[in-house]
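Structures given as structure tokens follow.
First subunit A sits with subunit B, and in the next complex the same chain sits with subunit C.
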Partner chain A sequence: MFDYEDGKLDWLAAGLPSEGTNAQRPRAGDIARKDVPTCRLDERLGDVRDRARGAGWDACVVLNEERVVFGLLRSKELKASPDLRIEEAMRPGPSTFRPFVSIEEMAAFMTEHDLDSSPITTSDGRLVGLLRRQDAAKAALELHEREHHSNGGQT
Partner chain B sequence: MPQPIDRDEVRRLVDRGAQLVDVLPVNEYEGDHLPGAINMPLRRLEKEAGSALDRSRPVVVYCSDSA
Partner chain C sequence: MTEHEVALACATCESSIDGCEFCEEPGCRAPICYHCLAEALGQAMAHPHAHGG
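Right, the complex of A and B next:
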């Protein structure tokens, strides 16, 4: 017999699939955008900004070689001097969230704390994707409407 | 005494046919469980393991976390 000591939370935090009633409801990892631009610490801000905006984004996640999140560039940071290195321009150590957090919880938290976006990472800090507030809010609203209608409008 | 293993070893064992046993209360199991895991809350494990599990295959037990 074997004992998976780190248990279910470790499994879910790694973004691995699960079964059960919660698995059928959208979570942070499901709604996070996997196509978010990424960059390295030693890149030039101007180059990264051009690349991000060329891809239709106003944000970029700073990663090391192992895809561990080191920082975040949101709209404000991307407007800084183009000759800055990313390490100087970025917002270091952003708050990150695990893939299994419910989308309702994420939408509420991001609204309460006025976060435009939040990196979603595994338990060892590797990027899963970037969750945008508008996507979280939309998914939470759709979930509420779906569940409200399936209950016959009863609360 | 069960042998402690990590996530990667769980996946390897499951690929080779191991049985997953979630020892959490049933409501927690129903919320989330590892794919293919059966539920056998801790207080029933000793009594039901013999009849519910295939003795020829490895068994991996887990709960919420290491706390």
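Right, the complex of A and C next:
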């Protein structure tokens, strides 16, 4: 047995396993897509766009060698001039969210703010995956229905 | 602040902010500051009272 000195939030933020009733509820890190395309700062936007769209994505996460998130290319950024370097085209330092955040909260915020995707990272900034609004909303709805039915229809 | 910049306030605590911490979009209708967002998403806990109670 040992004490994890950085605390419970940091443990959860690293995507490490947890127990208890709440551990069964889907979290942002569970629903985030791990197969999101990634790229480096010195790549050419046209090449990255072709690669992302070829894989069926309209987004790409910009990482360094240690998988730390440096930037994000959403639909708008991917439409820029193909000759731009990624560091010139990306949204630098995007807001990122921890894997333990409730999927219901993320779905609600993403809907309210009309945001298509949000990067999910550990507390030291390493990419876990990209959470898409449609995936978050679907998971939140399924969770609501499951809990509603298991509660005998009572809210 | 230049004449083109519009003062923005957090929709939760009303503190002055440069932009919405969640979506970072200049036209956000419900901007939120870093601290309120972190608390809303459970990424941080509200600061306890100074006396620890």
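Just so it is clear, the second predicted complex is superposed on the first by the 152 of 155 C-alpha atoms of A that agree within 3 Å, B and C clash if a C-alpha of one lies under 4 Å from a C-alpha of the other, contacts with A are read in each partner's own complex, and residues count from 1 in each chain.
Please note the rule applied: a residue touches a chain if its C-beta (ideal position, glycine included) is under 8 Å from a C-beta of that chain, and two chains touch if they have at least 3 such contacts.
As the structure is a prediction and not an experimental result, all values here were calculated from the model.
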item: Partner chain(s) touched by A:10 [first = subunit B, second = subunit C, both, neither]; value: first
item: First, second, both or neither for A:105, with subunit B first and subunit C second; value: second
item: Partner chain in contact with A:54 - subunit B first, subunit C second, else both or neither; value: neither
item: Which superposed partner A:18 touches (first subunit B, second subunit C, both, neither); value: first
item: Which superposed partner A:113 touches (first subunit B, second subunit C, both, neither); value: second
item: Broader residue contact with subunit A after superposition on the shared chain, subunit B or subunit C; value: B
item: First (subunit B), second (subunit C), both or neither touched by A:91; value: second
item: On subunit A, the residue positions that both subunit B and subunit C contact, one per complex; value: 9, 100
item: Residue ranges of subunit C in contact with subunit A within the complex; value: 20-25, 28, 30, 37, 40-45
item: Residue numbers on subunit A that touch subunit C, as the complex places them; value: 9, 13, 91, 94-95, 97-98, 100-102, 105-106, 109, 112-115
item: Parts of subunit A lying in touch with subunit B, wherever the complex brings them together; value: 1-12, 14, 16-23, 100
item: For the subunit B and subunit A complex, residues of the former touching the latter; value: 2-7, 9-10, 13, 18, 22, 24, 29-37, 58-66
